[in-house]
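Heads up, the thing below is written out as structure tokens.
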Amino acid sequence: MQYSQKHLLGIKGLSKEDILAVLNAADTFKVYTQRDIKKVPTLRGRTIINMFFEPSTRTRTSFEIAGKRMSADVINIAGSSSSVVKGETLVDTVKNLEAMNCDILIIRHGEAGAAELAARHLSNPVINAGDGYHEHPTQALLDLMTIREHKQELEGQKVTIVGDIAHSRVARSNIYAMKTLGMDVSVVGPPTMIPADMEKMGVKVFHNLEKGIKDADVIMMLRIQMERQNKTFFPTLREYSNLFGLNLQKLKKAKKDVLILHPGPVNRGIEISTDVIDGPHSVILNQVTNGVAIRMALMYLLLGLSDETVN
Amino acid sequence: MNPVVLNSQQISRAISRIAHEIVEKNSGCDNLALVGIRTRGVPFAKRLQAKIKSIENVTLQLGILDITLYRDDIQTGRSHPEIRSTEIPFPVEETKIVLCDDVLFTGRTIRAAIDELMDFGRPAGVQLATLIDRGHRELPIRPDYVGKNIPTSKSQLIKVRLNEEDGEDQVILVDAPQ
Amino acid sequence: MKLLIKNGRVIDPASGINEERDVLIEKGKIAAVEKKGSISESSLDGAKIIDANGCVVAPGFIDMHVHFREPGFEYKETIESGAESAAAGGFTTVAVMPNTNPVNDVRSITEMIVSIAKAKAIVNILPIGAITKGLKGETLTEMADLKEAGAVAFSDDGMPVSSNEIMRRALEYSHMLDLPLIQHSEMKDLTAGGCMNESIVSTELGLGGMPREAEDIMVYRDISLLPRTKGRLHVAHISSGNSVELVRQAKAKGLPVTCEVAPHHFILTDECVRGYDTNTKMSPPLREQWDIDMIKEGLRDDTIDIIATDHAPHDTVDKEVEYAKACFGIVGLETALPLTMKLVDEGVLTLEKAVEKLTITPAKLFDLDKGTLKPGSVADVVIFDPEKAYKINAAEFKSKSKNTPFDGWDVKGQIVHTLVQGKIVYSNT
């Protein structure tokens, strides 16, 4: 199975084969990450630029570790979008990186479509590390890898995503991936946090947590953005937590062997209680481990393909 | 018709001879391990392991290397071989290791294999066994054990077919299409 | 100097003519519109003759909604370049919106626009004054002064008048001056952070939505204010199907409301936004097929009075950026005819009706002495080949800006000549 795309800009548009190609490769890379010497020489001499216009510790570090384990030179650019303030556009920034022969550009940006815009101006592969509320494809891939590790099969699994769906790129990427792989997806949140025409994405919509997680094999809790309170999406954190926070009591509605995922960082006691985070169902740290393997796999797959072999 | 350079019986005899040579050269089986290079180095190593068991009644440790990530031609524009796992289930440190591969050609695969092996520790020594040596070395690498030397032109292909992978035992020489 | 346009099909909705006629122009005015061949060429000694065989000869188009960016944003468009773009699109009269820098909210700016237009523009430029100072929605402009300087209407286009009180007073005050208010209908608090229509497409793309209700609510509010204020309301670039229905109901009650639609709103849906091409970003945003169907129905039954382009030039600096950061709007003058011809091909409008919505109707709505070929009228004329097929090439636009989602489209309907006061200002030969 081969990954057929030049970039990874989003999960939408990937075939089942593309997704499985990454997951399969990542399974192997995970073995490498567990050796004493975790570094392989595969990408020696290649330059990977980690351009983050939004603050992120986990994702940026994960990409950096992945690149370094492949022996690539990884350069972090903390684009606080300050260069944009100074007058340089994203397109100009990208053209400069192109001129410096960057082999892979990893971009995290606050605006939807930024990765696609960058890819239009770069001849080398681009990995979207999150663009606005659009997509966060590597997160979805590492989530699937984690689910497959525990459940073996992906097809037919019942997944419930809970939280601020409207402002979640993690939710979108996961929904695309899960629908492509034949999984059953529900979303739960207050109507103010469910975007327009959500059902057309092929998911069931619930506004009640207990109903939404009934018989779920997997529950994915999304981080609630504290700063969004003042935009009237919900009255208080207290009420949000009462209605949509996951605790051991509510968890009983799900299957006995349910997995709990969270893309992090977690607000303990708000969207998810501490006993659930640290409990037996939680695979939150496995997600982090798998993130490195997924990103190594992607770098390997993206750099192996020349222009001629990509459609 | 492509000429058969080794048939099933000849393969078996060659492996048998190499097994004896390994035991002889290392004065027995102490501190010795076999490592097959994917793909067909693996059944080759397994057959050596079985043969040595029948000679010395010792089961040597067996490892598997997938050298894909250590290759030096990763970006030549072809799509990637699927990578599979490397399994070295024994300490490499202070062990004499016999690398096993089906065909020795440029030597680049062996270079990659040695590099990967070193990431597992510092072996006491590394030897090389190959079923076919077809020449055209590009690196200063020489085999310690050879099933058969077959002079080839660079454009030709040596196809080793082993029961475990291909359902038959045979080595053939193919004139590569233009 | 005489000029004879012969062998063309004259479409002049104002006088009910739609047949082959010859048009004689003398001293910048229409001298005669006679049966084909009945004006003897020998009697014209030395007159210039245009053979319009196979072409339509119509009054020059009138666009009541363009942005020419001067003063303030001359790198996007100037009055001069905008006028050339207009001429290339068959437009002989355009009304320029006041959202320049400084805003056209005082007499001196209006006069400046008029004087630049007089010196440099090859088509007629009509200034639209601001409703409120600085488009801030707080204080009314000196509308009477602006009118005297040449303003033909008032609008805070782009910055809708959100205060109910200010809108009420603006309608009352403009009624005194007998000029219409043009409202860009958008409740900004409902579209905050948005950059496209709110739908499954905005959901999938993760872009902020601008729901059609933001338009509907303001259209409804403005219509509600009409009976008491007696003001005239013109709804700019209608895009929501519900708003079309609101205007239809208001017209049925006899209220003084009119509206316009821009070609992109009857051709493109928000599906075009996929791929994040910033040339699909406009305000109001591209909506859905249902809205297009409602708009076409509105064009058919004259709920939608006129076609206006909302010509909004932007430099690549403002467009080759992240979607949410890009400026709203596209250039429209040079694609208006071929896009309108699509309505004719689909049977939504007859060719005569399409010409009417581009000529005499806008002239009537804004009290312009234009839009007809009746003898004695000013000789603003467009000659176009309705059947000529070609590919839109933005690089060849006369406009300084090339921001259009229609680049490379196969269309038909090409401008051949544009005449202003009897003078040829554009020829495609």
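Residue numbering begins at 1 within each chain, and the chains themselves are lettered A, B and C in the order written.
Everything below uses one rule, namely that contacts are C-beta pairs under 8 Å (C-beta built on N, C-alpha and C of every residue); 3 or more make two chains touch, one makes a residue touch a chain.
Remember, it's a predicted structure, so these values are computed and weren't measured experimentally.
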_Required minimum of steps from chain B to chain C, each step between chains that touch_ = 2
_Distance-maximising chain from chain B - centres being C-alpha averages_ = C
*Which chain has its C-alpha centre closest to the mean of all protein C-alpha atoms shown?*
A
*If you average the CA atoms of chain B and of chain C, how far apart do the two points sit, in angstrom?*
77
_Between chain A and chain C, centroid-to-centroid distance (C-alpha), Å_ = 45
*Return the distance between the CA-based centres of chain A and chain B, expressed in whole Å.*
41
*Could you list the positions in chain A whose residues touch two or more of the other chains?*
none
*When you check chain B against every other chain, which residues touch at least two of them?*
none
_Touching two or more other chains - residue numbers and ranges from chain C_ = none
*Which bits of chain B are touching chain A when the two form their complex?*
66, 69-71, 74-80, 82-86, 115-116, 119-120
*For chain A, which residues count as touching chain B in their complex?*
1-2, 24-25, 28-29, 31-32, 35-37, 39-43, 46, 70, 300-301, 303-306, 308-309
_Taking the touch rule as given, give the residues of chain C at its contact with chain A in the complex, in rising order._
198-200, 202-207, 209, 211, 275-276, 317, 320-325
*chain A residues touching chain C - in the complex, by the definition given at the top*: 12, 89-91, 109, 111-114, 116-117, 131-135, 166, 169, 172, 195-198, 200-201
